[in-house]
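You will see two complexes here that share chain A, one where it goes with chain B and one where it goes with chain C.
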Partner chain A sequence: MIIGIAKKELVDAWRDGRFRLGAVLVLVLLVVAGLLARQQVARETAERDAATALERKNWVEQGNKNSHSAGHYGVNVFKPSSPLAVFDRGIEPFVGTTVFLEAHRQNQTAFLPAQDATAMRRFGELSAALALQVLVPLLVVLLAFGSLAGERESGTLRQTLSLGVAPRSIVLGKALGIGAAIALLLAPAAAVLALLLSRSAPAAEGTWTRAGWLAAVYAAYIAVIVAGSVAVSASTRTARSALTILLAMWALNCIVAPRLASDVVHGQLPMPKLAEFEVEMQKDVMEGLDGHDARSKQIEDFTQKTLAEHGKTSVDQLPFNFQGLVMLESERMAGVVFDHHFGKLWDRIQEQDRAVAWAGFAAPMLALRSASMAFAGTDFGHHRRFARAAEEHRREFVRLLNEDLMNNARPGDHGYAAGRALWEALPEFRHEVASAAEAWRDARPSLIVLAAWLVASLAFLGWSATRLRAVIL
Partner chain B sequence: MLEAQKLTKRFQDRVALDALDLRVEPGEIFALLGPNGAGKTTTINLFLGFLTPDSGDARIAGTSVAQDPVAARRKLAYIPEMVSLYPRFSGVENLDYFSRLGGHRRRHEELYALLERAGLAREAADRRVGTYSKGMRQKIGIALALATGAKVLLLDEPTSGLDPAASHEFSRMLKKLADEGVAILMATHDLFRAREDATRIGILVNGRLVAQHSRDEIRGKDLEKLYLERLAS
Partner chain C sequence: MERDAASGGDSVKSFTLELRLFFAERATWVLLVLFAVVLVYGLANGAAAGRTARDSAELVEKDTFQWATQVRDALERQALDPRQVAGRPTSALLPPAPMPALAVGQADLLPAHEQVSLWRLEKPSEGRSELENPSRLLAGRFDLAFVLVWLLPLFLLAAAYDLCAGDREAGTLRMVLAQGVSPRVWIARRAFARGAPVLLIAVLSVLVAGQIGGAEGVGARTGFAVLIVIAYGAFWLALAALVNGYARSAAAAATALGSIWVLFVLVVPTLLNVVVESLHPSPSRAELVAEARAAAAVAEKRGQELVSSFYRDHPELAPVGMQGDMMSRMLAVQDEVGRAMDPVKQRFESAILAQQEVVDRWRFASPAIAMHEALTDLAGTGYWRHRAFRVQVETFKDQLHAYYSPKFHKRAPLTKADLPNFPKFEFIEESSAAWRSRVLAGLAGIVALAIAAAVVAAARLSPRKLAA
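After this line comes the complex of A and B, so read on.
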């Protein structure tokens, strides 16, 4: 009986010209958004590959120079795009794609794609994820608001109940039918997105697992909206009041909550200003983290310790270029400061992200958005992994240069110059998108919230069945 | 068989139905007459289990509606003033859907045959019901009662708004169903149809059943005069 009701609901929806029009619009938006995103990702990937090759060429062909000077010459590394960015661009347009690696400094990522966008484009940017998060719930609302309240008004609910159909079967059948209509609408879009994914550059390991998780979280979200909407329709006196309530809930969930949550979280967990962050960090590099252990004093202590270890009285007597060793030590000391400051900054951003995900208890879209970005590989967790990998690469690259200086330059030889052989020996930067398991760990708070919503909405649906009346007095 | 024992329903301070005792046997057509607000639709809703009685009991073929409304509804068919159907479905599709909900899966040919029995031609049965007249909708209601094989039929103003020919055809079908042993309770304003079709007539005033007459008792009498006298008393 439940299947019979669901089937009828599906056919009825399909025969409704308004639904067909809405469905076609959503479908076109999803496919166009996917195609545009793919084009953009492909363009960015091509630009990144070209820039990476040019950077390498410039690096290798920089000519002979002091290896420490080469550290200052530096190199740019580029963030690879996640294959699933075609679905959800996440924070990608708003965080940098490039890090300049150089001696003594841990730089932040630069060149935000959003900086290149016009104001109009920023306003109208649409991803397949956004369409699913915002437009599909609206379609569900339009499909579900009259599912029971409207039938009560038209009298078909009386007709159905008079046949001895259990209210639970009616409510479940309606929800299943609306869910099936939405699934049918999304199937072609999912097929197109899967095709785009399979044709994109060699997918990172776990991409299809991530895609499966994405499908699961979006299915859960839509199930929450369907169950909630049918339950509201079952509990309200008229279709008009059901529509009013559901549109208000849609606006709160999809429009108000994301903005409000972001503002509240930034208010409660403020970020340091960029300029202050840089000043504080440089201050600690010079004065030490506790402010009492100045860099000059640390270097002096290190010099004395090194001389003592080698039984020498002057750095010129050491069997290696002491300047190179000082550079290595200086990088180590600065690294401790960078780890402290960037660690605090990144922890704060992740704290904010988690807070927004937990705020999903108030509006499920917040949890879905976090989970979606995590599985698409476009959230801050993934960005942090890239930034961390870039910094590790910087340290290794600077270490190799300083070791070269230490081992190959004669003490006091300021004219020492390394050449192409060393530049070629330095490894290229490679970064892979994190595994699906890591994405799952990042998404865990959002998954908990979505699971809670799913249970609550199904319970609401069940409760609404007990309250389903043919006549509301 | 359909039975009410001291069936009472109040809406806040107002008594909508006051200790109704009623029994409709198989093959009987009981016409419940009364002015607007007399409690006719409340009675139907109580038998359907759409309202909960404050006291008393309504039973459909021995099943208490209050105790097991779903089981009680399985034994009845209901035709309201305007049979509600899905406008984007054809007549036969509506009948198929509702008879399946009622637990009766029938082949398409059987469904067409039932619709023809109810007076709806095949060509009309294939049209979407959004284009149907009220009389055609009532025929779907009758076909549904036939399809589910219900032993009790509840009718709420079924001929209101029908033209005389459609009304006559509807009565013919009702009598057929009664002849087949269906117990029929019909709430109506239509004195003419009540006199023509009913085996018994009850007059409900302010929630109280103030009179009951068999067909023999009213034969040769002016039903309208009798009715107005009861209202005035």
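After this line comes the complex of A and C, so read on.
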């Protein structure tokens, strides 16, 4: 019986001209978004590869110079985009794409793509994710609002019930039918997206696992919307009131919640001010993290300690270039300060993001969006991994340069210059997108929220079936 | 005459009746209270963003003032080497927006101050005024502009989606028409009775926004914002009337209006964005960075030659023996890099200008876009004011360079007498004619769209067509 009702609902949906129109629109948007995003990612990858090659050439051909000067000359590294960014661009337009790696300083990523665009981007970027998060739920609402309330109004529900059909079968059948209509609509889009993904550049490991998770979270989200919508339709007197309630919930979930949640969370967990952040970090670099040992004092202690270790009285007697060792030590000291301040800043951003994901208990779209970005590799967690990897690369490369100075420049030799052999010996920056397991860890709060929604909406659907009445007064 | 007066009185009576009917429903009160709440929240958020911008600006001003005082005090005591003064960057500040509480716009994304120095080859910098969670930039702010552009139509439609579709469904429409009422007047009156309370609260919120942290001349901006809000509201009400001319049931009207809202507010803007960025793609920042360094390497190798040729061209600036020291060589090299890279950098500005021009031309594809552009323009947080700032900063860079560079090469000491001539950045606001013409165009477009919708609705709402 359930299957029969589901089939009827499915046929009804396909016969509905408005649904067909909406379905075609959504399908076209999904495919166009996928194609455009793929083209864009391909272009950006090519540009980044060209820039990376040119930067390597700049670096290798910088000419002979003191190895520490080469540290000041520095190198730019560029953020690779995640293969699944074609599906969900996430925060990528709003984070920097370039980091300048140099001696003494940990720089922030620079050049936000959105800064080179018009305000149209702020309306939301066309992406498959946006279509699935916002438009498909609306389509579900439009399909589902009349499913039971409409039959109740026209009296057909009374007839069906009087035939002895179990209310549970009616309600479940309706939900399954609508779910099947949406699934049939999305299947071709999913196929096109999968094809695009398989034909794009060699996918990083875990890409398909991530894609599988994406499919799962979106399926769960849409199931929540279907179950919730049918349950509302089962519990309201008229189709009109079902529609009003569902549209209001849709607007709250898809339009109001994202902005409201991020503004409220920001109010509760504010970001530090840029000027203060920089001043405090600089202060700690100069005075030490605990604030009672000035840098000069620390360096002085370090000098005495080194001299004592080697049993010498002057740094000129040391068997290596002491200046190089001091550079190494001060990088190490600064590194501790950078880790502390950047760690605090990034923790705060992730705290905010997690709070927004938990706010998904009020609006499931928030949890879905954060899970989607995590699995697509375009959330802040992934950006942080890139920034962290770039910083580790910076430390490694500055360390190698300072060690060269320490070991190869004679004490007091100010004319020392290293050359191409050393520049070529320094490793190139490589960054792989994190494993699917790490993405899963990032997405955990959102997954919990979505699972709770799934259970709750199915329970609501079941409950509405037990209370299904031919007429509600 | 008498009859006209009587019908005038009837109209007022009918209108009051519509209003009373509207307010008799509990849902109306819920709707209005909810709308007032989101407006207040939007206002509060916009005001907070305005305060943050003001605080950042004050910090920059304080810093600039302290440095100026230091330099002045030093010059009181002795002449200074120009290298000591010119080496430190000067802050160029975009003052807080004239009507910040109206719209956050691009202010959370684009920098409102920049450090301008003699050196042309900058490191890639964060290019931001504040630390911001990227997810928040992605979501956008819950400011007044968001409530007015996105939510106002939803509230208006919730109040006025059923102007006569429900009557048609219930069969009462024929009864009404049988009384000889003009359906156009009747529907218009109903739309007005239901839309006016919502619009009135919206207008009040705009008036309040004008009072919060507004700059001089905010009155005119507030006035325009009020007109735009009314025109935008009229468009959605006319659309509701139009849809009601066709819809067979209240639910059908709601479905159609909801879909149109999604189309105008969500779909068309994202599509326009795609068109704009495909027509005029921005060049690659990554390549710019790498190319600038390649150019620097070339210039570096020619360092001595560059400075020598500079001194040949400007013998008056050359030191004795025509041998530039390291600093002047560095300056010559950087100038050369600047000259090589300026056209490349210019490509970014022209790409985004071209994009914005397409947006301006096509903004009437959706009144939501036109409305959003107009509100951010009025607030002073949109594209144009930020562009004006960037253009003026570029000019200032040239000024600063023209002033300090010769002194730098000559090592001519700076004295107290030079103090008033030090280049200072002062942002010149756009002429009010400039923003007025843009906003007026936007207003005219929205009004035209509203009239078009109203005309089509009026044609449909003839007694004959309605009864059919």
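Keep this in mind: the second predicted complex is superposed on the first by the 470 of 473 C-alpha atoms of A that agree within 3 Å, B and C clash if a C-alpha of one lies under 4 Å from a C-alpha of the other, contacts with A are read in each partner's own complex, and residues count from 1 in each chain.
Keep in mind that, in the parts below, a residue touches a chain if its C-beta (ideal position, glycine included) is under 8 Å from a C-beta of that chain, and two chains touch if they have at least 3 such contacts.
Just so it is clear, the model here is predicted, and its values are computed rather than measured.
Participant: Putting chain B and chain C onto chain A via the overlay, clash or fit?
Facilitator: On the shared chain A, the partners fit.
Participant: Once chain A of both complexes is superposed, is A:L307 in touch with chain B (first), chain C (second), both, or neither?
Facilitator: Neither chain B nor chain C is touched by A:L307.
Participant: Thinking of the overlay built on chain A, is A:N107 touched by chain B (first), by chain C (second), by both, or by neither?
Facilitator: second
Participant: Using the touch definition from the top, say if A:D16 reaches chain B (first), chain C (second), both or neither.
Facilitator: After superposition on chain A, A:D16 lies in contact with chain B alone.
Participant: Determine, under the contact definition given at the top, whether A:R158 touches first (chain B), second (chain C), both, or neither.
Facilitator: Once the two structures are laid over each other on A, A:R158 reaches chain B alone.
Participant: Check the contacts made with chain A and report whether chain B or chain C touches more of its residues.
Facilitator: Partner with more touched residues of chain A: C.
Participant: With both complexes superposed on chain A, which partner does A:A180 reach: first (chain B), second (chain C), both or neither?
Facilitator: In the superposition, A:A180 contacts neither chain B nor chain C.
Participant: Rounded to the nearest 10 degrees, how wide is the angle at the Cα centre of chain A between the Cα centres of chain B and chain C?
Facilitator: Value: 90 degrees, nearest 10.
Participant: In the overlaid three-chain picture, which partner chain does A:Q352 touch, first (chain B) or second (chain C), both, or neither?
Facilitator: Only chain C is touched by A:Q352; chain B is not.
Participant: Minimum Cα separation, chain B versus chain C, post-superposition (Å)?
Facilitator: For chain B and chain C in the superposition, the minimum C-alpha gap reads 15 Å.
Participant: Chain B touches which residues of chain A in the complex?
Facilitator: Interface residues on chain A, with respect to chain B: 1, 4-5, 8, 11-12, 15-16, 154-156, 158-166, 469-471, 473.
Participant: Sort out for me which residues of chain A touch chain C in the complex.
Facilitator: Those residues of chain A that touch chain C are 18, 22, 25, 29, 32, 36, 43-44, 47-48, 50-52, 54-55, 57-58, 61-63, 76, 78, 90-91, 93-100, 102, 107-126, 130, 134-135, 138, 142, 145-146, 150, 239-240, 243-244, 247-248, 251, 255-256, 258-263, 266, 271-275, 277, 345, 349, 352-353, 356, 379-380, 383.
Participant: Name, in rising order, each residue of chain C that touches chain A in their complex.
Facilitator: 38, 45, 55-56, 59, 105-106, 109-110, 123-142, 146, 150-151, 154, 158, 166, 249-251, 254-255, 258-259, 262, 266-267, 269-274, 276-278, 281-282, 284-287, 289-291, 293-294, 297, 300-301, 348, 351-352, 355-356, 359, 368-369, 372-373, 376, 382-383
Participant: What residues of chain B sit close enough to touch chain A in their complex?
Facilitator: 11, 45, 48, 50-51, 70-78, 80, 82-86, 88-89, 97-98, 100-103, 148, 154
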